[in-house]
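The next block holds one structure in the form of structure tokens; read it before the comments.
Letters are used for the chains, namely A, B and C, taken in the order the chains are written, and counting of residues starts over at 1 for each.
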Amino acid sequence: MTNAPLLEVEHLSMHFGGLVAIDDLSFVAREREITAIIGPNGAGKTTVFNCLTGFYKPTVGCLTLHHPEGKRYLEQMEGFRIPRRSGVARTFQNIRLFPQMTVMENLIVAQHNMLMRASGFSFAGLLGLSRYRQAEKEAVELAKYWLDKVGMLDKADWDAGNLPYGDQRRLEIARSMCVEPCLLCLDEPAAGLNPRESLELNELLQYIRDSHKIGLLLIEHDMSVVMEISDHVVVIDYGRKIADGTPEEVRNDPSVIKAYLGEEDDEDLPEEVAQDLGLSGEGAGDA
Amino acid sequence: MEYFVQQLINGLTLGAIYGLIAIGYTMVYGIIGMINFAHGEIYMIGAFISLITILLMGQLGFTSIALILMIALAMAMVFAATYGWSVERTSYRPLRGAPRLSPLISAIGMSIFLQNYVQLLQGARVKPLQPLIEGGFVLMESDGFSVTLSYLQIIIILLTVVLMVVFSLVISRTALGRAQRACEQDRTMAGLVGVNVDRTISLTFVMGAALAAVAGLMVTLYYGVIDFYIGFLAGIKAFTAAVLGGIGSLPGAMLGGLLIGLIEAFWSAYFTIEYKDVAAFSILVIVLIFRPTGILGKPEIEKV
Amino acid sequence: MAGEKRFDVVGVVKDAGLTAFVIAALALPLAGFRLADSPTGLSIEPRMMWVVYAAAIAFFGRLAINVGQATLVPRYGEKFRTGSSHFSHALQRYMFWIGVMLIVGAVILPFSPIANRYVLDLMIVLLIYVMLGWGLNIVVGLAGLLDLGYVAFYAVGAYSYALLAEHFGLSFWICLPLAGIFSATFGIILGFPVLRLRGDYLAIVTLGFGEIIRVVLLNWYDLTKGPDGLSGIPRPSLFGMMEFTRRPKEGEVAFHQYFDIPYSSEHRFVFWYFLILALALITNFVAMRLRRLPIGRAWEALREDEIACRSLGINPTNTKLSAFAIGAMFAGFAGSFFATRQGFISPESFTFIESAIILAIVVLGGMGSQIGVVLAAFVLVLLPELIRELQEYRMLAFGGVMVLIMVWRPRGLLAFREPTMKLYPDKERGGEG
């Protein structure tokens, strides 16, 4: 039984003047699945994210999100409305936390819209009405829940800017989950993580997929993450889709190999690379 | 028609003066990303030094106007450059890594300090100067109104053009110019490849100050009266000009200056003189709403 | 080793000499010569001794600093540093109690022996600036929006009250909220054009806005009487019930009559003092409260990273406009108070320098620090007043102090951010660095 489609990208193109960053890209990301977007550097992956989350206006294309409350057309929505109305949350390649605010505060800010409504646009809050205090308590509970899941409960009062790198990445993910999204977009979440941290990341993402039943969209270079946990892989090169399928299918697709490595024979592949891609070539061990 | 042409000439002259000051703002903003609030006071100091030199030369018995002016130009440029250098060394360099607002407050403080410094040393009254260069061409005439292009105006515009050309060449052809552009784009990297960042920044301030001093001399000759407060208003307008033309762009600064000069001239002539200072601001606001990077500025692409 | 301990005498003297040379060069044209009035216009009078003095002061001053650095710092530097870091940690912890003490002190001040009209007047001036500082802190400190034209909202508040009182005869207590609304509206009007601007661009446009308001006030004679200003602004009564005059109007009861005490003009001053104290404290409390509400956090988040805010569903436009509006509102309240206390206002009181002073108070105090604002206001506003004899040098010192404090303490005098919530309130602040 296939999962219902969550995000449908249809004929997306993004032109910057004469430069074609994305060319007629179409794919479907489903609920309860981890969809990975991979491709060489400069292929346009982050541009796709920026189109999905309202930072760029697509030149052409339809981006349909199947929200529980109805379809949302992301290409028409203003940036900040997308998390609010469409439940799309994202993390950034270069980590964008609020460095002078504490870990807790970062997570509470993520629940801004819910809290704003509860505070009566600040008036109920100013008067100290219980409606707001209750909502704030719930927000703290949600924050604690995610802090626990990423293993940072003891650092709740640290300034976000003082956290070590790995913690900052996890905090960003926790913060995105506090938005209570239905689609979580992660831009290179494994960048700079050591193997142990990558493993923990895998567990976290799988947990999110299985327990919260949302869809995840992942840009990644780290193949150990991609191949381990993705249900579905989309490969982009020069802004165009060159492969779309399960990790196994993509792994063996010759055009994918060509895009990453150029026109080489399999025998010339260094052993580790061949192993990573799961190829059996001369001298390479079992995939 | 004649009235219009006269305003055009007046506006361009005024604009040239603003442009020279604006170049200082744009170069400094380009290289360290902050508004040098005290730049207007450097212009004012240049004006005072010009005046003092001119009067001193006269008192010492020099009679050749050309010689007096050249010495005044040299003195103003040298001393104003020293002031510019000192301001950078004391008020900005120590704050290079500090949060955004700190150098701005320091700059405002230095601006207030310099204004009052001159006021205390030279008195608060306006300082007049008899016209040194008189006469000009009559371009056209009708109904008793003649359009004149004075010699002084020609000198101002010519000198400005020459300085523009010289500085553009410096920026594009010399090692200093290259070093400046490198620092503008990536200061850390520039330092790592061997550029002396501190010296480059200091030289930028010095160059900007020298140009402001020239503007100061021009305004002393053109308007014949200066006081310690002229720096503030001219400074704001010149910065407006720099932003209008596109911050970081040398031709932009001059273009912005000319535009502000023209706007001011035409506004005072055809509307009311009271609100002329406000006209420039309003133009700035409108431009920044629709084209935040200015006319010749490069659009800033934010990497997400 | 003896060779290492001895400092470089030649180097230090050379350095001092260089400093003296630069100072002499700077002083030569402007201090060495004076533009004096003479029958034929201006003439130049030499004043070379001033240059010599300046060079001498520079030489010995620099020498002293260098020597101090070379000898005292290695010996006491470490102790000083740990000492001052302990001091600021202790300060942080007891900040709340320090605040309470200041408030208590402020309340009992009028009843203390040192209180007289002069002292109260001084404190009233201080409190106006403190209130303005707390208001601007919302815009600059919390939301990170560089506003160099804050005085415009102050002016709007003052003129609103004056005009409403004159044309509609409304009392101070009704005009106060109205003035706040007018100022808040202007805050939004200013906010719109600057939404997409960052940093210094924003600063220059807000500066322009302040100047525009001042020029309009100066020239729109029909409305504002231009440079002549508005006078005869009515004084406030005690919540509309009692007047503070010697001879009240028909049917009205005067303050001193009601309490059966002899009339004293001091009563009015004490009332003003408590009025501005109340207004300022309300400003502070509201700001601190808003900081703990979603809107305050959104302001701070916006200051930290606008793109991240958008990705969390925060509307940057509304957030910025609300900061401008609320900050402007408090300036409007302060303006009304100013108008009623002076009885007379003119555009002269609303120049760019005022904006600069208020901004300096916020930044020097340490952005986000409420008590820092009080401290900075004291240094920048009160101290000059107390050194009356040096009135001439007041602005000069003001500019110099601004530069010195920024260079010495770029983040402000008391710059620490108190988190709006703690999961573990009893633990010490943690984190590396």
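Going forward, a contact is a pair of C-beta atoms (placed from the backbone, for glycine too) under 8 Å apart; a residue touches a chain by one contact, two chains touch by 3 or more.
The structure presented is a predicted model; accordingly, all values stated were derived computationally and were not measured.
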Taking each chain's C-alpha mean as its centre, the one farthest from subunit C: A
Middle chain, criterion being Cα centroid separation: C
Two chains sharing the most contacts, counting C-beta pairs only: B-C
Gap in Å, rounded to a whole number, between the CA centres of subunit B and subunit A: 50
Distance from the mean Cα position of subunit C to that of subunit A, given in whole angstrom: 45
Chain centre separation in whole Å, for subunit C relative to subunit B (CA means): 30
Overlap residues in subunit B, where contacts from two or more other chains coincide: 304
Where subunit A touches two or more other chains at once, by residue number: 55, 92
Interface hub residues of subunit C, defined as touching at least two other chains: 307
Touching residues (chain side subunit A, partner subunit C) in the complex: 53-55, 79-84, 89-90, 92, 96-102, 104-105, 108-110, 112-113, 115-116, 119, 121-122, 125-126, 132, 140, 144, 153, 155-159, 162-164, 175, 179
Touch list for subunit B against partner subunit C, complex: 29, 33-35, 45, 48-49, 51-53, 55-56, 59, 75, 79, 82-83, 86, 90-91, 94-95, 98-106, 108-118, 120-123, 127-130, 232, 236, 239-240, 243, 274-275, 277-278, 281-282, 284-285, 288-289, 292, 302, 304
Residue ranges of subunit C in contact with subunit A within the complex: 286, 289-290, 293-295, 297-298, 300-301, 304-305, 307-316, 417, 419-424, 427, 429-433
Residues of subunit C defined as touching subunit B within the complex: 22, 25-26, 28-31, 33-35, 41-44, 140, 146, 193-194, 196-197, 199-201, 203-205, 207-209, 211-212, 215-216, 218-219, 307, 352-353, 356, 359-360, 363-364, 367, 392-393, 395-396, 398-403, 406-407, 410-411
